[in-house]
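For reference, the structures are reproduced in the following blocks.
Below are two complexes that have chain A in common, paired first with chain B and then with chain C.
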Partner chain A sequence: MTGPLHRFDQPGTYIGRSVERADASRLVEGEGTYVDDLQLPRMTHAAFVRSQHAHAKIKHIDVDAARAHTGVVAVFTGADINPLVKPYVGILTHLQGLRSPPQLPMADQVVRCQGEPVVMIVAQSRAIAEDACELVQIEYEPLKALVSAEQALDKDAPTIHPELDNNTAWVREIDVGDASAAFSRADVTVVERTFLFGRHTGVTVEPRSVVVEYNRSDNTMVFHYSGQAPHMMQAILAKHLDFAEENVRVVTRDVGGSFGIKIHTYGDEIATAVAAKLLRRPVKFIADRLESFTSDIHARDHRIQGRIGVDSDGRIVALEIDDLTGIGPYSMYPRTSAIECNQILNLTGAPYQIDHYRARGTVVFQNKNMMCQYRAVGHPVAMAVCDSLLEEVAGEIDMDVVDIRRRNLIADDAYPVTSATGMKFADLSHQQSLERLVELMNYDQLRADQSDRRKKGCYRGIGLVSMVEVTNPSPMFYGVGGAPISAQDGATVRLDAAGALHVSCSITESGQGTHTILAQIAADVFGVDIARVKVSTGDTAHVPYGGGTWASRGAGIGGESVLLAADALKAQVLEVASSILQTTPDTLDIENGVVVNADGDDKISLDELGKIVYYRGNELPAGVNAELIATRHYRVTDYPFVFTNGAMAAHVEVDIETGFIKVLDFWVVEDCGRVINPKLVDEQIRGGVVQGIGGALYEECLYDEEGQYLNATMADYLVPMAGEMPDIHIAHIETPTCTSTLGAKGAGEAGTGGAPAAILNAVNDALRPLNASIFQMPMTPERVLNALKA
Partner chain B sequence: MIADDTQTCQPLAGGQSLMPMLNLRVAQPEVLVDLNRIAALSFIEIQNDVVHIGAMVRYTALMHSPLIDKHVPLLAMALPYIAHQAVRNRGTIGGSVALADPAAEMPAVLKALAATIVVVSAHGQREIPAEAFFLGIYETALDEGELVHSIKIPLATSGHRFGFYELARRHGDYAMAGVAVSAQSINPCTELSIVFFGVADQPLRAVDAQAVLEGCAISDNAALTAAQQSLPAELMLGDTGVSADTRLQLARVALKRALLSMAD
Partner chain C sequence: MKNKEIEVCINGETIQASVPVRMNLVDFIREKLGLTGSHVGCEQGVCGACTISIDGVAVRGCLMLAVQADGSSITTIEGVSENPVGSALQRAFVEHNALQCGFCTPGMIASSIEYIEQGGLSDRAAIREHLSGNYCRCTGYQSIIDAVASVVDQRAEP
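For the complex of A and B:
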């Protein structure tokens, strides 16, 4: 970079340093406070009898024996809970045509997927509640289960919801340029493939958990939850349980992973809130692992027909995709289950210059668990489809996969750019990232090694991806569509009488280091030692209003709000100091907790200044009314989203006798703008890559033809484990976003978004000499063996 | 208590399988009998021509035992494949034997080594050959009221060769297919004992493969191929991750790799 040194590039700043997480030892030593750690007086425990059937009529429910069981406090069915809840509908008005019937927390006459809550038992302990669950008798009349999206779409299929004429929830079409004409040009080579992406889920270490308190005397509710968006939950609970919003307090303490699983409206959690109100006792609900697998939202599950055409120079002339996805019986509230398909349509081909683009997305209801936003929504699918097609067509015209990218990536000096789908891109570095990647992975040497090994019957493959990630969303993501989801975040920064800073912010901490980066920003901007900054988040009673942590928005939006608030507080403090010191604020600065003059001489410590303001106000000149607290809010205004970009590569070895895939190495070059804490960013990327490898090789929610979930344990649903993971090498390009002072873009999802594409490409590269290929994830040994037989 | 047939009773050894089953409410005994403080069930000793191992000996203890290393090398080869360190710290050899999970390593290894299971009850003690002990999924020759007391394994002699190979998606998972092999000699193969795990409803002795390879050099390709082809396709089980056909393919590869490892 050229030009003067930016304020964050000065030596000694906290921004850009791998500051250790202040809360790491507390968590590692087991001193965290998760929802299940809460023990309240008179607290009760909930367990649910869930539907065994994917689709059935409830003929009769007998809860007498359960109710009579010792230790049971109450037994509720949908008939008890649902009338107290205003139905919720998972639509967004800007997703035109999206429809979904009203939902209620518990099943009402018909169950539409396995795992739907039918009976709620509240007891003195979870064990007693589970014992009582076994005493509940439910008589079902099974109905035809529409398990696959194809089945649900069949014109003769029964409708899952009688009020709808068919099972289609949403259709979107994009047609830019003239794809048909481009594909049919004589000089164009066309490749077409069908991709299958399995369902998977987030598998948080701490499951979904709530403890709900209700106070009848003032009609207030406290909702303790393990989640990412406290203010959104506050608005939802108030609206659907008929509270004034200010009478609902949502509290989030330590969160053991969320990954997008914990930003939705789950029937069991809403029912728990209703039960607390009915019983006037705190009710705790902690999902067990079986409940997590069958009721936490699932993601992916797309079948995509993709087509790419390139000219003889390897330039992409047209791209076309047709996506079919099943979302379960409803669109999830309030973010909807159409966003993943929408993202896929928006983002496929995004890194490349493409003039002719045609896409169709079909979102259908089915009798499986609901689908919604999970880490890197749509990205792994969009990136895998485009970059797999690109590498396939490169093979077809005998062009190197790096070379074909060089010919098609949007140039680094071209921004701002609007894509075929209307996405506005700025400050990206695809070309620079690719070149850095090639160097980092030692591409040419890897290719030479690959060809040597092939001669010995060892099949190694190299796969790349160039990718974008949606981060820092503006109100155009959800708010515009009517959802009670804030796109802005707020921060309050306050100086106490001892000269310490207190930051409270509306973004949340889920273990990724939110508190640490906010402390870095505040300490840096304001001028105190980071040890003197205390950060609090996650309580609607005490933090400014804001969206929370999702869509890789925490650092970029919450971080900017802290920057603005710390700047404002600094101005205030200097104003006060100048009146005490009989000078003007512009001659002063704050360094390491001390107000200094232009020569850097210590003039007054913040500790002393705080004591004057708070204890000895009589020493202040008349008319000086020091606040020592500032609040600022920030939202992205110039762009709908702040995109990041990256380039990744995988090196794999395929055991062609067993179908086993070993990931040997993985490289990431990521441009997330200004890096606030390199270590935390790197670990976000590594964790993301591992989750991406999970989706590519291991994780899948399997159902049988009746809609029965088959692998709902940690022994059967395979998450990636450290022993199988490769070294993940990371390099950064830093192109700060022009939308904020901080310049930080998001970094939370890139790894997950890009890794599956790189792995898929690497596996197909390994299989190429055997004339075999695979386009289905996860790439299990059996699927690889079948591909080799085909 | 174990002898009392008026209540369902479940002995609790290391708990690495039973506790998850209790959590999942798959097992719901009325009484749990905790064996963990019975010191008399935790011994590893040589008695004449066998190594005698108490039922409550934990995997980690076996891994650290020089006696096991020296005299039961096949067991030592298999131990690192059992789950993860935390599980091995608690899990016991007797628990694995009594559970008889056909995907577990121990039953196959003990069968391959012609071990003997010593069981006790209120009526006394009896010895059951491993060959006749494992009857099906979670099914053994244990009678009501009987408890696994110990395991006797013949000492390996010099020249005795062993092979072990397993295919699991992730280290520590139950195998998609695995095999334990013992041979008195390998060039030519004599007294070959080949037992698969994770492929059928019980540890599966590959009788035909043993016969095909007996008397052949272990690196004899034709014999190896014939042995692979002789594996009983009809006994292979499929599950959510693997079809029976794939299972057969993986078993054949495991056999080849185990035998080749013995030739090195």
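For the complex of A and C:
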């Protein structure tokens, strides 16, 4: 740590305390405002007729009956909407070779996955719009659906896009050191496994939602959306709907869960914006649950062949992976659908010292819904593959799973370190985290208990993971590749005439507690009671320019921008105060809303100072230019990403008669740098763990061989509910990042990134005495029983 | 489209309205009455976000038609603070950080009121079981269980 940081370590400050969320008080009263709560004069409602086929030619569309239906305002097809939209292409130039054909919001002649919008009905109510959808007749000529990635990759497979020579979107290879030589060494034990990760999706309880307004007089658009990146959406809408960027205003209020789902370019939302412009009246589109399942981006869907080699001391000598992933018919815009594979290649083995690493990733188009970035992008796959291989090989050489990690984790005093894949790591604490975990979970006693129970036919397992999480990304994540995605964020802090502080920041709130932590930072740095800090986010007309909240960047980047702005404002206020008090600024400070002198005596309240500046400027000395507002921006430099680390463990029981897995306990030791609000961080980590457990045990988007989605309801797509989840124990190691004054790293995705590996390892640990194992997620009862039969 | 006249008492206020016979109760409450605190997540009774209290029973607002509510007394999240259990739960949810995005919270509180009013204990497994019809995607559920258990315990204190 460098600079004047120790102020945050002093008691009595807000940073580091479990301050309650002001927003929570509002939300428990039902006073939230989500997009569907907006009711505007003359507002219309959109519904879509979507493709029933995974791959088909559209022969004919008959919308006459729908158009004639009472209450229908307009009916649009791709022929009406698409010509008004500049096509978008989901590539990034730094992902060399990635290709994807141009996309348009609605299907045009060919549908390439089930759920693609074909006809849009705009009506006086959503119910009427849905009635009219039933009246639309579409004649299709079904084409061969390429559902699995393997099918799409087959050399005889037809191409999903005629302009491409095959269905491959991207291939990346890494070859560091000499993996072949390392694997073939006589003293090396090699373990090889094939891992299957099912598709899952975010299932935000609030579906994707937009209300779009258009004013013809000044050609402006207001896009109310439930999402994470208002400025990105502003840039996209302006570019592809041909607006000056300043004429598009994007507004985000309360967001009912996002997890990366609501950060992409969806055809139905773009079509809604076009419709609002054509109709010159507000159009609302709220996805229903079927639309959510079939059109919200999916994630994972990887088949990985993995190989690890360790020497007789249990030291990893080489690691190799080969990833095949299907991404749907296009690469999603603007973040692309190759990032998950890229992350897997970059992050597999990241916690460990590995000299020889070889990886290959193949990303293919297929006739399924599009795949893109969802919480913990790539991490659950990368962590599960490496740590499962590590525990498997530990079994081979008869070494304890904690012991083998102790021998391989990058040492806490070794940083900065550059990994085999070129990742730059700093300020991590793998060793300390593992030791804390072992203590927290009472590892030795659990092992003894496990052994006793096995004798009685009770199969319990313990599984661990050591992990990293990508947080606080620099422009090297997206901006460098040409995407309109800002890696920097801005904050404006303003003192009003009553001595209260107003913070506006470009990161967004979707329940993490963004507003609260920004208020904590501003209150601490500036010196006011937190009750006098008001935070606003989410409106491109009123906040500084910035990236928003994704990739666990809110606290680390947005928080630092608020710290810098509050620091700057404080200096400005002390300058004004010193001129009023006829002293020098360095003799003054601000404590609890009052300017004090070096002895701590109250000199002038901020309320009084504000009134002098705003109302009685005549009292200010001539030449004093009182600016009670400051704006600062911050981006991460020197490091492409600020990594966090963690160690997690799961304790499970497998019922070998039914295949059911019960998660008995779960422990997390997380190092997210400076913890700003422990209560908020802890429950966010727990929520992440629960989503990770969901991916490991329950969640999967199932398709049949024709590309028909089989379980697109909340009753059929299983997510963790309260009854299945254990209490989750959390401890922190705090190693502040050297990249900022605040020292905060991200924490939003760690649980989701690490939990599946720990659960997988625990299940295989439970099955080991039965000579059974499973390497497929989700680990459903049926798959467990099959593993036991094998 | 057929309409029918109904009369309901909602959060203590008597409302007479003409509603389409096919309209869901939660749509009526949200769209016609402007009480937008009840949320719609699945429209098939699974997610629990639209859970409200009708004559003291927790029901899914999406599985009932507005016309079926004729003559009943309804409490939505906007009226929950009038109920001492409801108000204690609201306080406890904030204190324990038992919500993030808040979309599931009105339904979660409605189900929790029912649990406590039916004499539910501060047994964590029992609370988890009772709330297993309410979907939360943000928290790990633990803070919600903490909040509900704390209210049960407070009420048990002499």
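One rule holds for everything that comes next: the second predicted complex is superposed on the first by the 785 of 790 C-alpha atoms of A that agree within 3 Å, B and C clash if a C-alpha of one lies under 4 Å from a C-alpha of the other, contacts with A are read in each partner's own complex, and residues count from 1 in each chain.
FYI, a residue touches a chain if its C-beta (ideal position, glycine included) is under 8 Å from a C-beta of that chain, and two chains touch if they have at least 3 such contacts.
Here the structure is a predicted model, which is why all the values come from computation and not from measurement.
K.L.:
Give one of first, second, both or neither to describe whether A:20 is in contact with chain B, with chain C, with both, or with none.
P.N.:
The answer is second: A:20 touches chain C but not chain B.
K.L.:
On the A-aligned overlay, A:680 touches which partner chain: chain B = first, chain C = second, or both, or neither?
P.N.:
Once the two structures are laid over each other on A, A:680 reaches chain C alone.
K.L.:
If we overlay the two complexes on their shared chain A, which of chain B and chain C does A:657 touch? Say first, second, both or neither.
P.N.:
Touch partner of A:657: chain B, not chain C.
K.L.:
Thinking of the overlay built on chain A, is A:702 touched by chain B (first), by chain C (second), by both, or by neither?
P.N.:
After superposing on A, A:702 lies in contact with chain B but is clear of chain C.
K.L.:
Counting only touches as set out at the top, which of chain B and chain C does A:348 meet: first, second, both, neither?
P.N.:
Neither partner.
K.L.:
Touch check for A:130: first (chain B), second (chain C), both, or neither?
P.N.:
Once the two structures are laid over each other on A, A:130 reaches chain B alone.
K.L.:
Thinking of the overlay built on chain A, is A:206 touched by chain B (first), by chain C (second), by both, or by neither?
P.N.:
The answer is second: A:206 touches chain C but not chain B.
K.L.:
Thinking of the overlay built on chain A, is A:721 touched by chain B (first), by chain C (second), by both, or by neither?
P.N.:
Touch status of A:721: both partners.
K.L.:
On the superposed three-chain arrangement, identify whether chain B or chain C touches more chain A residues.
P.N.:
Result: the larger residue contact count on chain A belongs to C.
K.L.:
Mind working out whether A:512 is in touch with chain B, chain C, both or neither, as first, second, both or neither?
P.N.:
Second partner only, chain C.
K.L.:
Where on chain A do the contacts with chain B and the contacts with chain C coincide?
P.N.:
Residues 288, 713, 715, 720-721, 723-724 of chain A touch both chain B and chain C.
K.L.:
Mind listing the chain C positions that touch chain A in their complex?
P.N.:
It comes out as residues 20, 22-23, 30-31, 34-44, 46-47, 49, 76-78, 80-81, 89-90, 93-95, 97, 99-106, 109, 124-125, 127-129, 131-145.
K.L.:
What part of chain B is in contact with chain A in the complex they form?
P.N.:
Residues 20, 23-25, 167, 169-174, 176, 240-243, 246, 249-250, 253.
K.L.:
Which residues of chain A touch chain C in the complex?
P.N.:
Where chain A meets chain C, its residues are 18, 20-21, 23-34, 36-37, 39, 127, 202-207, 254-259, 288-289, 510-513, 679-680, 683-691, 713-715, 719-725, 727-728, 751.
K.L.:
What part of chain A is in contact with chain B in the complex they form?
P.N.:
Per the stated touch rule, the residues are 130, 134, 288, 290, 657-660, 698, 702, 710-711, 713, 715-716, 718, 720-721, 723-724, 780-782, 785.
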